[in-house]
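Quick one: structure below, then a few questions.
Labels A, B, C and D are assigned to the chains in the order they are written; within every chain, residues are numbered from 1.
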Amino acid sequence: MTFGTQTKGVYAIAPTPFLPDGALDEASVARMTAFYGAAGVDGLTILGIMGEAPKLEPEESMAVVRGVLAEAGGMPVVVGVSAPGFAAMRRVAQEAMAAGAAGVMIAPPSSLRTDDQICGYYRQAVAAIGTDIPFVLQDYPTATNVVMSTAVVRRIIEENPSCVMLKHEDWPGLDKISALRRWQAEDGLRPVSILCGNGALFLDFETERGADGAMTGYAYPEMLIEVVRETARGNRDAAHDAFDQHLPLLRYEHQPGIGLAVRKYVLEKRGVIAHRTLRTPGPALSDATISEIEYLLGRLNAA
Amino acid sequence: MTFGTQTKGVYAIAPTPFLPDGALDEASVARMTAFYGAAGVDGLTILGIMGEAPKLEPEESMAVVRGVLAEAGGMPVVVGVSAPGFAAMRRVAQEAMAAGAAGVMIAPPSSLRTDDQICGYYRQAVAAIGTDIPFVLQDYPTATNVVMSTAVVRRIIEENPSCVMLKHEDWPGLDKISALRRWQAEDGLRPVSILCGNGALFLDFETERGADGAMTGYAYPEMLIEVVRETARGNRDAAHDAFDQHLPLLRYEHQPGIGLAVRKYVLEKRGVIAHRTLRTPGPALSDATISEIEYLLGRLNAA
Amino acid sequence: MTFGTQTKGVYAIAPTPFLPDGALDEASVARMTAFYGAAGVDGLTILGIMGEAPKLEPEESMAVVRGVLAEAGGMPVVVGVSAPGFAAMRRVAQEAMAAGAAGVMIAPPSSLRTDDQICGYYRQAVAAIGTDIPFVLQDYPTATNVVMSTAVVRRIIEENPSCVMLKHEDWPGLDKISALRRWQAEDGLRPVSILCGNGALFLDFETERGADGAMTGYAYPEMLIEVVRETARGNRDAAHDAFDQHLPLLRYEHQPGIGLAVRKYVLEKRGVIAHRTLRTPGPALSDATISEIEYLLGRLNAA
Amino acid sequence: MTFGTQTKGVYAIAPTPFLPDGALDEASVARMTAFYGAAGVDGLTILGIMGEAPKLEPEESMAVVRGVLAEAGGMPVVVGVSAPGFAAMRRVAQEAMAAGAAGVMIAPPSSLRTDDQICGYYRQAVAAIGTDIPFVLQDYPTATNVVMSTAVVRRIIEENPSCVMLKHEDWPGLDKISALRRWQAEDGLRPVSILCGNGALFLDFETERGADGAMTGYAYPEMLIEVVRETARGNRDAAHDAFDQHLPLLRYEHQPGIGLAVRKYVLEKRGVIAHRTLRTPGPALSDATISEIEYLLGRLNAA
């Protein structure tokens, strides 16, 4: 298992488990880490947007990092370090690396608009954390409100040798993957790993376009692994069959606003975490929503 | 077939067909209208956001209205009249009604933010077009950037007796349907029809929550009709089976930015319109994208 | 009086006058044009964002164009042609040029985000209207929500030889003017005229940074002319004295949401237009607001 | 000097001083606090949006709180506690109150859109920090992207007895002050203090509309004090004279993006803080900008 420009496979985006009173649930941190390892993922990403990272105090963030690393075995762990200021970003990045993280992930702040602003931000961020820390570029306009053209992704890769991976979750974004792979094959762009997020809503085609795999938190990482594996083996129909079977639930989990709550509900039901709790402010699921999730789980299990 | 507060079923959102040079394709207008009638939809909605209405000149808009009405048989036709100024909105609304439209649809301008701004806008719009024209309230934050709470939808319904229908496409929005139906059952809110849009991505549950049907433009209206009918008959699993079979394509058609281009491609392939052309500015489909659509169509047809 | 890459001076942004019932006030169109000519402006810009252009029907837009041109004497008139579709943009541009306009002005649609999207849009727009029509690039992020880096402005100038002028109203934007002028002096960028908008809130420094003048609608164009003239003569303090005297009112007129209503109130009071009417939807001024404008006018006249 | 619903006067928004290397400048914290006290302000607000609070680590925030309180004499100190999660908000609020703060200030997160969302957020925030901590409601749409109608401000005041003050910085917002004061006089709304921000750009009229004073960080608090005092004494012209003299600089300091850098430059020059440093990421001032500030200071001092 590796983390670097050649990484292939599935990195699970792990949520942060809380106790019903909102305190960090360290026991579930350990159990969840063991679950992902047993499921066969190739790595973990923690403290991302779906990890409720902005709601954590610095010492809590480090408790999550240490708790996951203690159970991760050899699995590489990527730590989200996005922060409003570079001082905090550097501190989290360096503490995480010292604790054994494989790398960090940086999403851009929502104020960035022009190509120069975005590229300048990444140069400054890399200078702040240190050029020796490998990092994942997160391209997720739906969440960050920052739109990166394919040319900007290229510039960030070229200007920052420590960029080893793109977390691709632009929407629509399939042609972006194709363009990057074409530039790498024909136009001198150095290779980086491309793992796809966006709730895996297009994973069936993303891998066909040249992505190396998935980095997302869908509650059944087993399916993500199967899709990536079958595509790699050239079994196109088998990959789509596996994907399509999960699409009704995956689509339900992808709803803005309540998606993470749906995901935590399923993870609780699967025994991965003890409580579905989100830290406030956050949404609660209505009875009707829960009943719909149960219906979808029933159909999935009967399939 | 009816248009009013009791309307149930499927209204197809019709695109505007263009010739390869960008001119209005009036022959396809007629053919497309006939197709929807033969498919069994309960009504048509034209000149909406997916109808490229803002790119039409006023005389073109009326040509579309007249062309559709000429072929609509008894089908009710709803005309989108959203416009930056009330003068243009009134003109289109009154000309459309005079030509035989059943009603109009109004989306809010993106500048509206507070509850009072949104409700005030609808009061002014209704005063501008005339209180005798039945209208559809379009609640589509993804496209309009206007977020209406359920309480605001209620206020607009109560303040404007000519509001006969909600085009529901909030996301997430299932609980909104439940709340409106509960208020109608228990709390004195007068009934209106609720037809759901948002590319039908949640139609399988929306009808279960109390929606009366769909108003959207997915390229296979036959499936929308089947889902609504099976849910109405209490055949929950059959409705979901019909829906799930189409979900991979429906999801693909739902991509922001290129969704309409995908839809027009499929409609051209099905012979509904002669050309997949979008009026500029608009996206073009890459070869890889077209090949993916074809793959999805192949799987759908083989199912 | 000229319109081109060498243009210097003041272009007044003219509002569109309406009668109290919202109809176009053609008499005021004529009177207003004569006023601006008598005031000594170097040109006029009509149908811009402050001209309520999106609220006009196509035939009304052309009535404004013809009405202004009929009274303009030799004054160059620039016509705003921004539109959701290129078909409408081409039509307005070509009709306006045929009627005698000097050029057109194009603002970007709010959906554009990346450098490539913005530059691509301008290439397409120029192809649509014709490469022989001189145009003004409007860089106004506060109104359009499109942020252009200085590099993007340069690209648009270099990719489109028919771009003759920048309407500069970025905020903050003084360093943008300096950078463009430096690139023109030292780095091969071809010259274009730079006229500044943004309500003239920084005109006192914009001219010192190298702008050629103003293109804005402040209700006292006489002051704008004086500031540009005194700066050109090297009378820095005199320019600032003239500017500072008007700054309290100018700042008041710059309020988002009600700025145009304030401006029309002052223009009505000055006898430039017959009615302060804005076409709906638009704000009305409270009695307290009117009383504050009157107080500011009193102080200005007493100065 | 008081902090509560009856508070009148000027609260200075204090920046956070940094050393050239970005570390907290505790000596300047003390010196700055003493300066504001000597200038005669009625209170201080720290760790607000202009205080670069999101760039501080929790222990740094508390160091600022303690440093200011140690020098504040009897001046009430309000502490900004806005945070992405309620856990952090509660912690900062309770530590600040324990250290001697007079109250806290809460700005809404940018994700809030509807009236119900905004009001619900404040109810949750108050539950989180404790109903016994007096708080300032910050209504600053330009910075937060949250638009509160006057009705929403009323609801928040009525639903949360611990709301003692409105930091008014809506734009345009003069009629909002008038409406709140009318509701308090005639319609049963309980009184709260209204202090105005938005860089003081409309302070001359805000006090006339019924605001109790200013809460902003303009680099010359002496002028703010004079405007509030002269308005209270009924000396309208004197208040405007004092205001207008500063308006050219105040306007310059109000530029988005670089405003805080301009303000820190002036405060450094005045000897209030030792270094103009902003913590990264943040803008730097060009030589031309600095020269313009110096010119404006020269004119101000010569007046």
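Just so it is clear, contacts are C-beta pairs under 8 Å (C-beta built on N, C-alpha and C of every residue); 3 or more make two chains touch, one makes a residue touch a chain.
Every value quoted in this text rests on a predicted model; they were computed, and no experiment measured them.
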item: Same-site or different-site touching of subunit A by its copy subunit B, using the half cut; value: same
item: Between A-C and C-D, the pair with more C-beta contacts; value: C-D
item: Subunit A and subunit D: spacing of chain centres that average the CA atoms, whole Å; value: 38
item: Euclidean distance of C-alpha centroids - subunit C vs subunit D, Å; value: 34
item: Euclidean distance of C-alpha centroids - subunit A vs subunit C, Å; value: 46
item: Residues within subunit C bordering two or more other chains; value: none
item: Category of the chain touch graph - line, ring, star, complete, other; value: complete
item: Residues on subunit C engaged by subunit B in the complex (per definition of touch); value: 22, 52, 54-58, 84-88, 91, 109-110, 121, 124, 128, 279-281
item: Contact set on subunit C toward subunit A in their complex; value: 113-117, 147-149, 151-152
item: Residue numbers on subunit A that touch subunit B, as the complex places them; value: 171-172, 174-175, 178, 201-202, 204-205, 208-209, 236-237, 240, 243-244, 247-248, 251-252, 255-258, 286, 288-289, 292, 295, 299
